[in-house]
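Heads up, the next two complexes both have subunit A, just with different partners, subunit B and then subunit C.
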Partner chain A sequence: MDEKELFKGYRGAALEALKQYNAYIWSDVELTTDESTFIGLILPRSEQQDEFHIVIKLRTGYNIGVRASKVRDIKINGRKEAHYKIPEKEFPYSPKMPRVMLFGTGGTIASRLDYRTGAVIPAFSPGELYGSVPELADICNLETVKLYGVFSENMGPEQWIGTAKAIAAEIEKGVDGIVIGHGTDTMHHTAAILSFMIQDSPVPIVMVGSQRSSDRPSSDAALNLIHSVKTAAESDIAEVMVCMFGPTSDMYGILHRGTRVRKMHSSYRSTFRTIGDIPLATVNNQSIKPLRSDYKKRRNDRNFKLVPYFDDNVAIVYYYPAMHPDIFDSLIERGYKGIVIAGTGLGHVNKPVYPALKRAQEAGVAVYMTVQTLWGYAQMYVYDTGRDLMELGVVPLANMLPEVAFMKLGWALGQTHELDKVKEIMLTPVAGEMTEREPSNGYLIFQGGIPEVEEFISTIKK
Partner chain B sequence: MNINYFDFDFKPFNLMTPEDYAKVGFKSGLEVHQQLWTDKKLFCRCPAGHYSSNYNAEILRHMRPTLSELGEYDGTALMEFKTKKEIIYRINYDTVCTYEMDDTPPFMMNSNALDIAMEIAMLNNAHIVDEVHIARKQYLDGSIPTGFQRTAIVSVGGALPYKDKQINLIQMSIEEDSCREVSDVGHKRVYITDRLGMPLIETVTQPEMKTPQEVAEVNQIIRKMARSTGHVRTGMGAARQDVNVSVTGGTRIEIKGVSKITKIPLLTYNEAMRQWNLLKLRQELWNRGINAETFSAENADITKLMRKTRCFQISDAIAKGNRVRCVLLHGFKGLLRWQTQTDTYFSREISDRVRVIACLSTLPNIMHSDSMSESIPSSEWSIIKKSIGATENDTIVIVWGDERDSLTGANEIIIRAKEATIGIPSETRQALSDGTNGFERILPGPERMYPDTDLPPIKITQERYDKIKAGLPKSVWIRIKNYQDLGLSEKLSEEIAGSRFADTFEEVVYNLKVDPKYASFILIDFHKRLKKEKLNISVLSHEDYLDIFRNYQSGNILKEGVLHTIRKAMNLGKYSPDMLPKLCVDPELTQIINQAKAEFDRIKIRKPEFKTEILMGITMSKLRGKVKGQEILNLIKD
Partner chain C sequence: MDEKELFKGYRGAALEALKQYNAYIWSDVELTTDESTFIGLILPRSEQQDEFHIVIKLRTGYNIGVRASKVRDIKINGRKEAHYKIPEKEFPYSPKMPRVMLFGTGGTIASRLDYRTGAVIPAFSPGELYGSVPELADICNLETVKLYGVFSENMGPEQWIGTAKAIAAEIEKGVDGIVIGHGTDTMHHTAAILSFMIQDSPVPIVMVGSQRSSDRPSSDAALNLIHSVKTAAESDIAEVMVCMFGPTSDMYGILHRGTRVRKMHSSYRSTFRTIGDIPLATVNNQSIKPLRSDYKKRRNDRNFKLVPYFDDNVAIVYYYPAMHPDIFDSLIERGYKGIVIAGTGLGHVNKPVYPALKRAQEAGVAVYMTVQTLWGYAQMYVYDTGRDLMELGVVPLANMLPEVAFMKLGWALGQTHELDKVKEIMLTPVAGEMTEREPSNGYLIFQGGIPEVEEFISTIKK
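Coming up: the complex of A and B.
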């Protein structure tokens, strides 16, 4: 083993001190300093931490850091290397159960600790999943394939296209449902693109993740997995969905349509919300309860359309007051093919950027308008500003969410660079990304503190 | 070790001598928890020390065991998972934010709390660690919504003087406090979250206490040391301890959450007795030829057999659709009546396990054939015995509940009975009001510790260390000696030194030159009286007291005025200088005296030689605290 592995994470003074006594990581030591003696294991050190301290796991299970310059002696009494092994049991097969494929892309749905960074890293196999969530075996025959091991911010066109193709191959093989484990930060981006790339799927395609990593007893991972696997195995909703906690309580999950969902809180369990509409259904470990009937139904055929294209020369410009036109100019100069603006109100930007938008039009850049209010429609005909912008070739995208518009534009440009065709693709709804009407309960954000809201909150579990 | 446990029988508590405890090898250590006095909680910015049972909302969660960093499941974790509890958290908007609800990652540790912890560690002569690493300690009972407690070692080692020796410390950690349990019935446990996240320290001693009394005395010393900083909380629940007890051949057993130190001697006595008697029980089992290998037990569903039982608990259960199971313990005859603690028998060890692990919390939850006073008629016992094939030497235990719980219960009975052939199972136990203790959960091991990935380690800089060291209050031992030098008794000196008024006392006596006896009367005795009157005695700050004493010493207020002001401030929840009573001076003073004299002349006096005393009585009722008595006396005599 090389030195880097033997003294994982250590450098500078701390590395020198450990080398002097041949104290490799996982050594069981008696370490003496000027003041005290510590008995325990030398742990690897996070690379982001400083070079002056040695980390010891004491017999009580606690870790402490000892300043390397204080070390007077290290006696080595043995070695105890950690093995992060979830008890692995073979996932039982039962001929009557539906077959579900779980694709892993990364994220915290299944994870373990990484000692170099002190962070949580993804891990998963059917045996491990069965070892930690045995309930899954009561729902389906589960198979898993790890497609990628990336945090969700590192997902990109390569992974989106790869995932779509993998799903397509599985559907052709006759799978009853698909679950995709995914980091939550960009889960709604991936849900949108999969909604466009896999059209008219005969089976449910369910995206799932967790907000509290599965290395914690209170994690939402197990319940989210149970809900999503149940949905994939049993539900008759053959759409791309996001399945995540409804309330913060361990009560039920919500099935959100892949093109209408968004992560709305940086850390809450119930972070995903359907925007401008109501969700498809709720799910708990007993049943799946649809909230509407206009979803695409499960079918026995294998007829679906795979459209796996993406051009990443696309950007979202989040408009802010007093924006300079050079923001747009730099994108045009850099050869971007498409721009989605998240405008204010009904879809507006200030006058100084008009000339830049004109230049975009002349350069053949596709420019689309969405609203940064998230709820509501881009209705550019209402005010002069909007009408002027439409004159400059900016196309309003109704109530398409900015991130969804971004994904769709990349997908459209992946198919063609002809602006008319791009426009046709953009304005033809594929999977509910634009809706004709917004029901009044599609915009419900309870305001805390208001007496009637408080009364409601106090009578139900959140 | 070859010990005949039958050679010694535990005597009643008050007859046990230190020699008796030496004979059984009594050993005890303490884990003393003490809340720190900060404005905010440890890992979020919620206000600290605001308690209320009112709540605005409820959250439902479950706990699942996870792997430790060494890749092992913890025993307790698996036990808690078996219980399948629904956990309800009651949330009050004013005391809890999304951090405590486990919906937001932690904020950086409250640095004020860490400073206080370091201060106390230094007073204990402990070594502060160079880098504080925050760990997660798993708690699957739900007492913390994350499923773990954030905790970190602040210091290692250290020692406290005790009698002619010293008590050595293992370590001190800083950690977040847990929820308060509201109820735990069946599969539902309810917590209120107000206390959750409060900063506290845990001081752990070596197991060096040799008698129950020593445990209590050492506990007092640790508590006083922390209190002498003036930076820890006092009052209900602000200080709690876990007490570890073992006897020769026994196991380290942790009695959790003891809030009254005075309860410790009886609790530790009973635990030592329990271990000794369980070891005796093991010897008896071995004598009967029953050990871990030869142990055998069976369990069967006897619901059908019990359809017509005259035992109302069981017939009620069957009527509700529950199942009845019986467990046959081969060769155990009479042993469920084996005494473990004062008025407590081995059957309680079994009943406790069934209550906690199978969630069968309505008592009685078991019945057994060793007990004469149970409600199953002997004819029914005979039928059960016959059906399961029990002999004269066996014991039968009956348990009832729904399908799953009754099966879990039956299995737990077998597990606990088998453990009796091995020794004392590692458990944490809860203190009961009668001085005995009951099973709480399997003792967690170091496997439940893993690093907190949300927070980086905190380096203790030399600058920070030196600053705290420079401002360190005097050690409680030095204070006691100094106070004795002032002429105070040893007991009173200890009391002041161990109270949060130590600094105030010293400033009042050394700088303001107030008489030490008077200062101690106000700060200790008078405050005790006010506490009895249920007043909040932590209303006034150090500066407030100085202000009052300064006014006293310069003659602006009198002794009576001091008492009056402190009481008034506590009543109003706040001190302000305009509460100080104004001294009564002329012309008002002369006027009151003259009125009194006029009143005296009006009434008929039988003994005119007492005129002065009577006049004093009349005037003092109006002038108490506003004029010195001697001054009034002079005026009256004029």
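Coming up: the complex of A and C.
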């Protein structure tokens, strides 16, 4: 193997450190720093990554980056090249099966594909996916197109608009369902904007990702992929949805409406949760079971509305006590056109910021109110605080989630800067982003603190 | 009755409208606007309130403000003065009972007391509380002091420091427990800062409020008050706690650790939830049942640490995709000393803001990372994104909640502006604000979408 292969992706300080201790990629090492010792495999890196860290796959399956300057010793215990190469087989074509398009944007679902650490051989073509998850061939004829390869926190208007247009083109070409592989961090943001940009789709549009990469034993990648592809191919629900891991066991996935879902845990697989509503359906490898009937149904026509606009001069202001008015003044001065406040309680902020909100109103900035409790409604008629804020032009958005309100406001301002028209757009529900009431079973409950439930959960977990 | 009494609190346009239709306070009316008709009682208002709205108590118990200029007709159906006057009785003194101090700061718990609409006769003295909630006399010898009368969104450093000092003085005087009546909107913020300002208290410090005022049939005010006073008087747990309504039934209240609790529903009574951990205990009128054993215990000594400082040049930046770097630049230019980011996923922001974070680092601004998923940890070693941010001086705060991190950073900067010392303070747990791991039953589950749980919940609700 030539040196480039031996130290794949390493340069600068990290490369020096490896050479010093005769370590190279796939070395099974015991690496010591002043603080700790790490045992695991040295992973290759991709070209774009920094030159300061050595990345080790720990025995737990987690990858960790160790700063080269902190390395005090590396003991070599062997070499174990991981077999990440996917056996590629031709994806079988079956004329009776529905046609599904999988768009890649980046993120962990592409974890044998495009994995962030660079450790994993990409696997994204239909043939590679078939080699990796053969169940897919029992569901559909799969095609794949990589639209982007960005971490989801870097998704922005360019990618949202590009994805919406790619979806539109596929619908017109007659696809039966669409799957979008996406990093999980901002998957709910993208689900919201696609819900606004592609209206009345005749086919399911299913977003999917994974919280744990497919080289870890507890990976949710394959299961989520099977569930999402099944939904795209077979579901009667023609909405923009997020398809992710359901409960803590792997019994089923959940289909969440794109405008009512939020990432609620930084690392759990069951991170996506429908907020203030009930999910659309559960899905397993046998069937898709709707949990409600008020969804938009699959159609055979090719009619839909594409509204691919976004003005990113919009901000979320997350209220905290003792907030100074300069938070709003800065946004006004810098030319922001829209502000979504996530207020406390029913939609409140403190009195000292009122004058700045008045200045926002005078400057023609569109200001909307959501609640940072996440569950429940902005109800600004109840207290004087709310009524005062409405006098200042702040418009409550019922139970629209702060992130969804942000995406909708950028989308509305992308279409018009006339405040009356923006308001009309904001207050007209497009895809379930505001609902008349919260179902009684839409609130979260906790395992902890409710002994009866805790006991019950422990029985169904077995 | 003189005119001032007849139109108590009304002035300007609202007073004119009432006079026009011969309506006055306690009139039972049918009020018509262009859009709606409202049936209910016209409530008196307090002097501080605006002159534009007529406030009506609807038959549902909710109060609504109707803009005077929109009134088209008011039909008078009678007059029904509500009997809000509390029968005042002397609070019985029993030498064997513990002594509890109830501090008032404002908010709905004082709803027969200090109710926002001005509709309700204040009831806050021990005698009035005894007349209203006689159970209190079976628990303790109650004393009351009104510290403030502000809506909780207007609480700030002055009130936090003043409350901490008042608590300290009471502990020194030998009180057995303290209850703090507080509006619910920012109760968790105040609970967090009191957890830092009063360390190692020998007695329980219990925050309480109510989501529904005591003139509504579903009010949680009396129950929460009984639970909190019982906790202050009898509990072995000597920590800063939030005592609020537990499940959707009124079986029990929950005691939440002051640094791990958050308001999670804008209107439900069961709004406060322990996040990423299990609550300290449940409480009903019979007993207090700890759910864990690792709490600080009640002591007979009077030793504790008072650290009453706060620098409010601190902000929360709640990350959203496509964020511009000017969000951070504005804070740097305006002299903010600390920034708490609520990042996506494990603690991420997009690349375009990196240069601004570099400028923050150069300007000596303390920047800390929390997660907007609320559950889970900021883990910035996992991806390059996180490692890059740490290079820029951004410090991850494990599972500290964004609001708690904000309060702690203001508190740390109130003590020192030396960044190394600030960091030491931030990373040293004071009161459970960071924990080593999340218990497996610390995550939320939903009634909706988990058919087995939903069915079970419906059985325990009966």
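Here is the rule we go by: the second predicted complex is superposed on the first by the 363 of 462 C-alpha atoms of A that agree within 3 Å, B and C clash if a C-alpha of one lies under 4 Å from a C-alpha of the other, contacts with A are read in each partner's own complex, and residues count from 1 in each chain.
To be clear about the criterion, contacts are C-beta pairs under 8 Å (C-beta built on N, C-alpha and C of every residue); 3 or more make two chains touch, one makes a residue touch a chain.
These numbers were taken from a predicted model, which means no experiment stands behind them.
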Contacts of A:N350 with subunit B and subunit C, given as first, second, both or neither: second
Contacts of A:S267 with subunit B and subunit C, given as first, second, both or neither: both
First (subunit B), second (subunit C), both or neither touched by A:S36: first
Comparison of subunit B and subunit C by subunit A residues contacted: C
First, second, both or neither for A:Q361, with subunit B first and subunit C second: neither
Contacts of A:A222 with subunit B and subunit C, given as first, second, both or neither: first
Partner chain in contact with A:P157 - subunit B first, subunit C second, else both or neither: second
Which of subunit B and subunit C A:Q415 touches, first, second, both or neither: neither
Which of subunit B and subunit C A:K70 touches, first, second, both or neither: first
Touched partner set for A:D50, first subunit B, second subunit C, both or neither: both
Subunit A positions touched by subunit B in one structure and by subunit C in the second: 49-50, 53, 62-65, 248, 265-268, 454, 457
Touch list for subunit A against partner subunit B, complex: 35-36, 38, 46, 48-50, 53, 55, 57-67, 70, 80, 82-87, 112-113, 115, 118-120, 132, 211-219, 222-223, 248-251, 265-269, 454, 457-458, 461-462
Subunit A partner contacts - residues on subunit C that touch it in the complex: 49-50, 52-53, 62-65, 116-117, 151-157, 183-186, 189, 246-248, 254, 263-268, 270-271, 273-274, 277-279, 282, 291, 312, 315-324, 326-327, 330-331, 334, 342-351, 371, 373-379, 381-385, 387-388, 391, 402-403, 406, 410, 439, 441-454, 456-457, 460
Contact footprint of subunit A on subunit B as seen in their complex: 56-71, 73, 77, 88, 91, 98, 101-105, 127, 129-133, 135-140, 145-148, 151-153, 156-157, 170-171, 173, 445-451, 453, 456-457, 459
